[in-house]
Amino acid sequence: MEKIGFIGLGRMGKPMAANLRKHGFELVVMDLNRAAVAELVELGARAGENVAQIARDCSIVVTMLPSSVEVEQVALGADGIFANAARGSVLLDMSTIDPLATDRLEAQAREHGLSVVDAPVGRLAEHADRGESLFMVGASDADFARVKPLLDAMGTTVYHCGAVGTGGRTKLINNYVAVTLCQVNAEALALSQRFGLDIRKTLQVLYGTSASNGQLRMNFPNKVLAGDTTPGFTIDLAHKDMALVLGAAHAAKVPMPVAAAVFESFSLARASEYGRIDFSGIADAICDLAKIDRARVPKGWTAS
Amino acid sequence: MEKIGFIGLGRMGKPMAANLRKHGFELVVMDLNRAAVAELVELGARAGENVAQIARDCSIVVTMLPSSVEVEQVALGADGIFANAARGSVLLDMSTIDPLATDRLEAQAREHGLSVVDAPVGRLAEHADRGESLFMVGASDADFARVKPLLDAMGTTVYHCGAVGTGGRTKLINNYVAVTLCQVNAEALALSQRFGLDIRKTLQVLYGTSASNGQLRMNFPNKVLAGDTTPGFTIDLAHKDMALVLGAAHAAKVPMPVAAAVFESFSLARASEYGRIDFSGIADAICDLAKIDRARVPKGWTAS
Amino acid sequence: MEKIGFIGLGRMGKPMAANLRKHGFELVVMDLNRAAVAELVELGARAGENVAQIARDCSIVVTMLPSSVEVEQVALGADGIFANAARGSVLLDMSTIDPLATDRLEAQAREHGLSVVDAPVGRLAEHADRGESLFMVGASDADFARVKPLLDAMGTTVYHCGAVGTGGRTKLINNYVAVTLCQVNAEALALSQRFGLDIRKTLQVLYGTSASNGQLRMNFPNKVLAGDTTPGFTIDLAHKDMALVLGAAHAAKVPMPVAAAVFESFSLARASEYGRIDFSGIADAICDLAKIDRARVPKGWTAS
Amino acid sequence: MEKIGFIGLGRMGKPMAANLRKHGFELVVMDLNRAAVAELVELGARAGENVAQIARDCSIVVTMLPSSVEVEQVALGADGIFANAARGSVLLDMSTIDPLATDRLEAQAREHGLSVVDAPVGRLAEHADRGESLFMVGASDADFARVKPLLDAMGTTVYHCGAVGTGGRTKLINNYVAVTLCQVNAEALALSQRFGLDIRKTLQVLYGTSASNGQLRMNFPNKVLAGDTTPGFTIDLAHKDMALVLGAAHAAKVPMPVAAAVFESFSLARASEYGRIDFSGIADAICDLAKIDRARVPKGWTAS
């Protein structure tokens, strides 16, 4: 069995690494946060000394880091993964980063006889806890087969989207739609509230037409409409993903006027201090800013 | 059984009236288009001479007209429905109009001892043909019970949204979301195309997350993605409905920045002569204008 | 000298009529507000009994009314201007209305042997008080010559934009730019404030480049930046004009994504109860909503 | 007199350096483009061997580079300016970059006993040729006094905006407004064209009201409206600056919905291959995309 390096034990990375251990993978972990490392050590992982040593020891190194800056920091340079890994090793980057950064990483990896797989994570932190994440994977067929057992240990749904770089691109498209649905639903519900409609009737109709959507059906009734905006996925993170989407779209010359309008709405919400609540909470932000009563459904309500 | 007047035999009104006849309703019809009237007469309807006579003869008058201007023309004035109908009669307006116009009609109807029901129609023209429409109804409980048999003859799904005026308002909210989903999906697919992804992979992922939505699941694969943009519902009509949405939102002081961005995108498509194609065709318009290859899936494709 | 009818003595109409009187025009006036009529009578005007009588008595009838609904009410119908005026008379409509309504009026006027001039008013109410208004005029050359003395009595700047309908269209374009400049400046100043820049330095730079604009140079320092948001021209009125702009643009198939974004920003400001302040106050609204300190310059400050 | 290093001899940097030479400054220059270096050597400059040597030789080093990536490359690292310059030296960065990068540079310069001045350049390349640029300067008073003679040699207008970082921030605000004015004017002119108005009449009115702006008065009649879209400043560069504006605004939590709409309009123009024309050419792009006749004025026309 391959020895796995795992760099980045944050809110998502830690449970993902834990699930790898639970499935018996030999693991060398690393993070600035010693407590997180200690937790993994307790589960049988080894604490890595530094990136170079992890790269030398492990044939697959997973990175789960905040942005392309950190990924490039651990991948590049004399002390980085690429300079120290054995030929044939794989960098499995599961961070959500600019796809052009993934392209650059891939080009540099190839020069070292290494390969890159981009496999960003879908769904929420609580899914990661339960090993129920979804992964969008960009990889050669051979590399995909190689990382598949790891992904199966961390999640329940794995999409092989195509060659390296397609995983991250697919995630951006997916998150663009998911975040935008929150905004669209929020505007619709604000209108319903201002019209004085019974929000349950409005929902019932929307559920029965082509206007139905995953955010409205699954996320909203359990989160913002139930008055619960503790974050699964925060407005700040949604805003960060939309920045990646728009950056990638502008680099590729794809006009996305609705994405831009959504981005600004989330920006206003952040300026008004709604950044740390669940992204469904954009519905509350919009209602509050426009002095409209928040939309709520009774506890336990479901559309009949 | 009540005698039914039916004014407005256009692309939607004609099959709706025909379905009323097929269910045995006694019908007096009217339209500027004599051929449409003749078709209904063939089915056993009587051709009304003028609005006043229809109002005197029928206890329920259905209107299915292009805008509030036409509805007010037939409802108001010395020769209109309100001045000539017997007390207790009902105006069942199934047009999609400004909800403030519905409110004005209702106030004037009440002065004549009449009542109004607003029951705009959901789904497409082909559903109307088959008697499979969806209705969003604003009515008192008594009036709802009274018009329900008519609605059941013309459609399969009837939502009683609340008092008079709630049917039209609910339809605007519903169409805002449905039209916006077309634009959101179009931007997402344009990005996928420019990224060089396999559109089927992108769709498969979107179908499996909270980004899933009715337009993407049901309408797109059968229409624009299959290269078929013959209209169910045109970009011009979607644009008209968005104008009603934004007008109502502005009157109610509800900011809808995404609705506004969608509206302008549809406006650009219309300026570039895409107005008469199916509203899913906004995906083609966006790709064409940005010089991106159109997104297509093979005939008969479904997400596995 | 021609006898002049004047219908609509509101905040703008009253001083305009007064200035006509001061220049010796024979005037018959009308308004629902008796106090306003009394003021004009005191200045030597006659109070008209009804529209029909004014139309019969006067060879030029000025209308200065809130919207096309009111203008059409007084122009059309058996008791309206067109049915009662002598052939060769002129309707001088100075209201700001939908240009398509002007076109309809013009067509109907012609059938009665009458003509229409559209001459909406630029600048603020206080300019109207002082007879310093600006007029954008759509008229045949002959009609322009005929109404020119009246316009000269009420204002200082008269633009003959072309045939009937061009005055109102030009005003919409002008107000689109002027209102949008408020929003653009507001965003720029909010950014300057959040950046912690000295607002006077920012203004000094903007005044010295191609970013300079009339709103920033003339209106802002005297109004919002001086802490004075008593209205010259309210956010509500700016919003109303933008509705006319967007309505006309959509009818003409002209996409205006920036106009749409501005409109929504003003809509949010109105929803947050900034509607009745001066339209430069959009700068305060934007700062307040985003929790940014308002931009202010010291009293009497001017860019050196 | 101080010895001046100058790194970056592109379309703007080369004439700026040349003007320094013309005013007698001792100059050591550097660029990847040997021809540009040779031109400066011909004017009496010395060709620098590498960044470290320039930093050791010169007490002021000017950088005029495409983005923060290049500026950080020459400033940081063992071979960079900061590691090699004598204490008390100044990095005069005249590039247009992310202001947060300027802040980072400043912090690192201080650790080496050095200081940073940010002085991005306003106006066009042809102004740089003639030594008529405008500079927005962020600097301590002492540093400002020190670099002032250089700036006076390269331009005619120098604004001291405040401490380090304020120059770049002011430029972003300025360019946001200037670029947005192009879009606003373009929408206004497209509407005028579609309305069938005489564009000269429209311009004449706009010039006479608070809608007047620098772009419309100075740039448009000499560029796009005269049919000349050879670039002063391209749509691509305007788009790049708007990306910096929006990036900085989002980092600072300032919602800018109009900036976002403008950005997308420029993005669409780029996707349709208008990227390399003058930014006033957005007026042509908008008209072309919406199938509206381009706005033009006769050669030599000026508003009377």
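Letters A, B, C and D mark the chains in the order given here, with residues in each chain numbered from 1 onward.
We adopt the following convention: contacts are C-beta pairs under 8 Å (C-beta built on N, C-alpha and C of every residue); 3 or more make two chains touch, one makes a residue touch a chain.
Here the structure is a predicted model, which means the values were calculated and not measured.
Between A-C and A-D, more C-beta contact pairs are found at A-D.
Farthest chain from chain D (centres taken as the mean of C-alpha atoms): B. Work out the mean CA point of chain A and of chain C, and you get 51 Å between them. Here the CA centre of chain A is 37 Å from the CA centre of chain D. Touching of two or more other chains is recorded for residues 249, 253-257, 260-261, 264-265, 268, 271, 289-290, 292 of chain C. By the touch criterion given at the top, residues 257, 261, 268, 271-273, 289-292 of chain B touch chain D in their complex. Residues 239, 243, 247, 249-250, 253-257, 260-261, 263-265, 267-268, 270-271 of chain B touch chain C in their complex. Those residues of chain D whose C-beta lies close enough to touch chain C in the complex are 99, 122-123, 134, 136, 157, 159-162, 166, 169-170, 172-178, 180-181, 183-185, 187-188, 190-192, 194-195, 197-198, 201-202, 204-206, 208-215, 218-219, 245, 248-249, 252-262, 264-265, 286, 289-290, 292.
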